[in-house]
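In the two assemblies presented below, chain A is common to both, partnered first by chain B and then by chain C.
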Partner chain A sequence: MIHLELRQNSNWWTSLRSITLALLITAAFSIAVLFLMSDKPADAIWQMLTFPWQGRRMEVQFGLVLQQAAYLAVIAIGLSVGYRANIWNIGAEGQFAFGSIGAYAAYLLIGSPDAAWAFPVLLLAGIIGGCLWALIPAFLRVTCNTNELLTSLMLVYVASHLLTYLCIGPLKGDPKAGQAETYPIADSVQASKLISGTELHTGLIVLLVAFVILAAILLFTLLGYRLKVAQHTPRAERFAGFSPNNTVWLSFAISGAMAGLAGAVYLTAETGKLIQAENYLENFGFAAIIIAFLGRLHPLGILLAALMISYVNVGASYIQASLQVDDSVAELIEVVALFAFLGCAVLDQYKVKFKRTTVRAAT
Partner chain B sequence: MKKILSAFTASLLAATLTTGIAQADDKIKVGFVYVGPIGDLGWTYRHDIGRLAIEKEFGDKVETTYLENVPEGAEAVKSITQLAETGHDIIFTTSFGFMDPTNEVAAQYPDVKFEHATGFKRESDNVSTFSARFYEGRVIQGLIAAKTTKTNKIGYIASFPIPEVVRGINAFQTELAKHNPDAVVDVKWVFTWFDPAKEAEAAQAFIDAGADIIVQHTDSPAAMAIAEKTDGIYAFGQASNMSRFGENSHLVSIVDNWDSYYVDRVAAVIDGSWSQTDTWWGLSKDGAGNGVGMVEMADYGNISEELKAEAMALEAALRSGERHALPCPIYKQDGELAEDCAAGEKHLKDFPTLVSMDWYVKGIEGSLPK
Partner chain C sequence: MSHAALLQTHQISKAFGPVVANEKVDFEVQPAQIHALLGENGAGKSTLMKIICGLQQPDSGQVYWKGQQCTISSPKVARAMGIGMVHQHFALFEGLSVTENIAFSIDGAVQGRTLEDQIIDLAERYGLMVEPRRPVFELSAGERQRIEILRALLLNPELLILDEPTSVLTPQEADQLFDTVRKLAANGHGIVFISHKLKEVKALCDYATVLRGGRVVGSFDPREQSTESIAELMLGSRNISTERQHRNIGEKRLQVRNLSITDHDQALHVKQMDVHAGEIFGVAGIAGNGQEVFYAGLSGEQTTTDNNAITINGTQAGSLGPNERRVLGAMFVPEERLGHAAVPQLDLLDNVLLSNISNTEATSKGFVNRRYLSAQVEKITKLFDVKHAGNKTAARNLSGGNLQKFVVGREITKQPSILIINQPTWGVDAVSAMRIRETLMQLAGTGSAIIVISQDLDELLEISDQLAVLHQGTLSPARAVQDWNIEQLGLAMTGSTSGAAA
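Showing the complex of A and B:
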């Protein structure tokens, strides 16, 4: 019989071991899936691993990976703040949408898009938009004790309908358009490309800076420590004079702000206009939940997880174009990675023991 | 296990060595980006039939690739880029939401040709656009509906309030009113192109409210299937031939036919004559009866021989250009004469009237969603 025994001292070595194991499981599964889904499995696996060097221009592929990773990492690190304290905001998708709406509203209000401060103002409006939308479930939790998991999720649908409504009605743009969309924002407030021909743009730098700032706060400040305490021992949190309600407010505000910022950057860099929800939202807000857990709610882990999943995603789209392997393979790999990582995390805190210890003594 | 492993390593090595060579052959590679699944029996299905027409026409000279279920919007940049990166020579992107992504990617790959369906942006020389005059088919449906309805109530399931859909509604209403002034069209906006459950629900709601003809501008055969369940209810198919879903209810389908356009464009790439175009074909290529266009009427059924003959005569007149789908005088919803007609035109003009149509003709009740 196998049973688990609590580890006295889990350290970086046990973590590394379980992460390696999870990676191996994911890799083995990915290979198996590609064998099933492709008639040229060896080509598929090889191209999936090395796709940046397979196409015409390597920097294009890395651009796509970094672009996706930036959005995922920024939203995920915001979410991790609450998750560390057992506060479940799963509505980042809606906060992202509201970040975009906030930025677009600011664009309409400022009237002078050529000014140097216009771009930062749009980003700030995005942060505020996402933050305010996130504070609704926080408010409901604090005042009515509603389950924030449900309310934050339901507000995603409210936000996306609102986005579509704005595009069909009050903010409707070009009448020739075959989808509901607004007029585009001026070029002066759109993020500019860092390397021509790739998806690398100034907006990604904004996201990176935001990520680093929040990571530093979580790792090195009292606030970060306080949230960590809240996770492990809610009672100690109270003894130390921290109010659980404040933790709710704070974690929703931070995660909403990060998702809102991502939404504002997305508007200024990727689309340049608001579009009806299903043609605008890319599920970054939901995918980021997986990234947060894959990264074990640790900033460094989140960054690596975002890069890994983005690499898999873009790789899947590459082999779909080159070998016609359905790109749902990326989703399969993502889900398996999540289970493998969560499962192996158990090994961090517990030792696997075999009951008949006499066997070991005999050898 | 060891055997499998060594076989695997060997093929991996072989793959490394051959990938470089594989890209160097001189086949023309044709890529497609689809918004839905090829099994949607409507929009994407018909584009895939067009892809197969290319394979049939050119055989070994071409290789085709398709990506299905590609989300519209910024995310499509990734899919379109990958087709360009993997050596495709011409890429068809077949939904409006791919317009900006197509133009963005096209600017980076001047040696690749891009063909965008239903859009109007051609920012670089290697982007062409194409679209079909589906509203020509709506005229024929208007005639049939006028002479088939007994309750004088017609339910029209509309997707999004965009010019393509509004043109269809107006063409339908104009012809309907001509033959049966008492018939009333009720338009229901479902805000989706493909959602069988929602489409079925809308069709049922119309039937419950007394409508006996269902018109749809959405992609699934769900509404047809609902009509088939009730006696005396008729429906028109959309995008593909939906007669098999409505043995006793199918009147006629407007079928999208991309085959001849796709074959023409790939032929142009092969012989090097490809250049930027903006194509808008109806029942015929040139609007004067020549060539196979992008709109096809399939399987007139469940109507009298007399009405069928009349419908086919109308189809012929529209094809030859003898008849325009929206001839003057056309009155707007508020009774005002349309600008083109007031200016003495014979019919509504393509630019800017039809391409940006955002108003109803007289007789449609309610207003466009705002």
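Showing the complex of A and C:
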């Protein structure tokens, strides 16, 4: 029989060991999958690891990785706030969509898109949009005791249909476009490129700043402590004078705000317009859930996990182009990484002991 | 013996380390007898029942079943012999139907007839009306208990043990239960009825055994004894010492007027309560009589809209939460150490912070002063001799006694103006317990007002100045400890008077 024994003291060393083990499992699985999916597996593995140095300019490839990582990390750190307190918002995709809708609505409302304050106002509107959408499941949980896991997820589909509706209905733009979309926003409120030829733009700096601020709040202020207490025991939360309901409001507001900000940046920097949901949403909101857990809900871990996963994603699309390996390999790797990391996290707290079972005789 | 009893224990002893739970217990149940087992918390009732049900083995002594000596090595053996037990806390699956719940527990014992027919049959015979197909979550506590009883009866027990069966029932449901119990006895079943409520015992039982401190202190027909004398037998002839340390009683620190709240379905009513500086106010009562909601109401974990109901140091505080009450000078120590007073997974530093959120030395503008917390850990562990392996030790790695000293010390080092402490020495070793009691008395000596909620009557008699009794969520009027006698205390604790003793 396999027994798990609680460790007296778990520290960074036990964590490092289990993370390394998880990485090894993920790597082994990825290699096995590439062997099955490609007729040139050695090339596929090599190219996936070193794609930035293959073919196109290196900064373009790294730009793609950083671009995707920024969105994932910002949404994931927002989600980690609730997850730390066992509050499960899995509807970031919808909050992201609402961030974009909020920003676009603000664009339509303000008369002067050339003003210097127009861009920040759009971002702010995105934050508010995501936040409000996230407060719906919070409200339902606090007042009706509904399961926020279900409500937040279902609101994703509501939000994405709403986005499509806006694009085919009231905000319909150029009818000759090949997809349902709105008219683009003015150049003056679009994020500007940092390095020409790459995907790096000022919006990413906004995301980085937001990430750092929230990371500092989580690591150094009472909010982080409050979430820790809430995670472990709701009764101690009451003893400390923290209202459990307020923790729900707070974590949904923060995670919604972060997803909304990401949505607003996405609108101003990547598309410049709203597009029907299936062509607009890139599953950042769902991938971020995985990132949050891969990063063990710690800001630094989330950052590394976001970089790792977007490296895998960009690498997978690279080998799809060069070696015709289907890029769904990236999703497989993500999921395996999640299982490996969650499974190995047990080893942080517990020692595995192999024992022969003995039937204890009654005395 | 002239005839064989259904069950007889002879000189049963059982100790857990230094704690003697049962000492030379002789206990006898006859067929068709309703036999009450009485005693305070910790008198040894549970241990005796666990031995009879095969959950524990006695250190010495014998058990006889129908005159034959036997060894009850496991609950399975006990069930096969014909001993059934209905526990105080139900073990039912909410989502399953009555029949399904019963089917689960009687693996293969039912043959031939369908289980449902059998349930209906038994239910009719004993007045245990249930609808076999209803899911459990729709049922009241009384109906759930009937399922538990049916479950036990399906195994054809000759002896049925009911552990505090009325504690969760309404008076009407309790009356129905009594009818059932009488029918069972009339059919020849022996019944052991564990209860604290003397009125019930006198109404229902034809024999009673009283345990105190693990020993049998009396066996008699409860119908022939006065409630007073039974209560006194349960509590023993303790001397309420009239000599107490002289402390200066100062101004009123805590005032409660007509406080009515409900928390987790427990209701609390406190008509009047005043605690002064330098005073220890004891709250006695048998477990499960509203101690938790009383603590929640005073600590602010459960607030009331009536702001006047509680006054802390002159400020109306009924609607204030725990931290606002802490700012007014009240500090709290809840009963449960792990999971309420402390977060098991967090280290000592973080656990000091738990009750210091509103302390401006520990936090300011949302930031945490770790240096202060670290100094506090030093101070607490040194002053209260808490053995630990450094500030980074998780709370769950401390022993019960050490953790209790830590959570008590955490509040006392802040020199509280009012301290509310629930079960200060519960499950704590004797040395630590003594240390904690001394500390509380010293604290009162320096002018704090202290409210001690405890099930340990000896403890309360030792340290309290004022004493009140909590029974079914209602606090009796308080009296100076010297003005109580054991008989009155026993009556108040078992609910045999309706507060008329005041």
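Keep in mind that, in the parts below, the second predicted complex is superposed on the first by the 355 of 363 C-alpha atoms of A that agree within 3 Å, B and C clash if a C-alpha of one lies under 4 Å from a C-alpha of the other, contacts with A are read in each partner's own complex, and residues count from 1 in each chain.
In this section, a contact is a pair of C-beta atoms (placed from the backbone, for glycine too) under 8 Å apart; a residue touches a chain by one contact, two chains touch by 3 or more.
Predicted model, so just to flag it, every value in this text is computed and none were measured.
Student: With everything superposed onto chain A, say whether chain B and chain C fit together or clash.
Tutor: In the superposition, chain B and chain C stay clear of each other.
Student: So, does A:Ile275 touch the first partner chain B, the second partner chain C, both, or neither?
Tutor: A:Ile275 contacts chain B only, not chain C.
Student: Does chain B (first) or chain C (second) touch A:Gln324, or do both, or does neither?
Tutor: The first partner, chain B, only.
Student: By the touch definition at the top of the document, which applies to A:Pro175: first (chain B), second (chain C), both, or neither?
Tutor: In the superposed model, A:Pro175 contacts chain B only, not chain C.
Student: When both complexes are superposed, which of chain B and chain C contacts more residues belonging to chain A?
Tutor: The partner that reaches more residues of chain A in the superposed model: B.
Student: Check the residue A:Tyr266 against both partner chains and state whether it touches chain B (first), chain C (second), both, or neither.
Tutor: Touch partner of A:Tyr266: chain B, not chain C.
Student: Now for A:Thr20: first (chain B), second (chain C), both, or neither, which partner does it touch?
Tutor: neither
Student: Taking the superposition as given, does A:Thr146 touch the first partner, chain B, the second, chain C, both, or neither?
Tutor: In the superposition, A:Thr146 contacts neither chain B nor chain C.
Student: In the overlay, answer first, second, both or neither for which of chain B and chain C A:Lys228 touches.
Tutor: second
Student: Rounded to the nearest angstrom, what is the minimum C-alpha distance from chain B to chain C in the superposition?
Tutor: So the smallest C-alpha to C-alpha spacing between these two chains is 36 Å.
Student: Overlap the chain B and chain C contact sets on chain A and report the shared residues.
Tutor: Common interface on chain A, chain B vs chain C: nothing in common.
Student: Using the touch definition from the top, list the residues of chain C that touch chain A in their complex.
Tutor: Contacts found on chain C: 57, 73-74, 299-301, 321-324, 326, 332, 334, 336, 339-346, 350, 353-355, 357-358, 363, 366-368, 392, 394, 397.
Student: Contact residues on chain A for chain B in the complex?
Tutor: 40-43, 45-47, 54-57, 60-61, 64, 164, 168-169, 172, 174-180, 197, 199, 266, 270-272, 275-276, 278-280, 282, 314, 317-318, 320-322, 324, 327
Student: Across the complex, what residues on chain B touch chain A?
Tutor: My answer: residues 8, 11-12, 14-16, 19, 31, 65-67, 71-75, 77-79, 81-88, 96-97, 99-100, 108, 118-120, 160-164, 191, 355-358, 369-370.
Student: Going by the contact rule at the top, pick out the chain A residues touching chain C in the complex.
Tutor: So the residues of chain A touching chain C come out as 8-9, 220-223, 225, 228-229, 232-233, 235-236, 238-243, 362-363.
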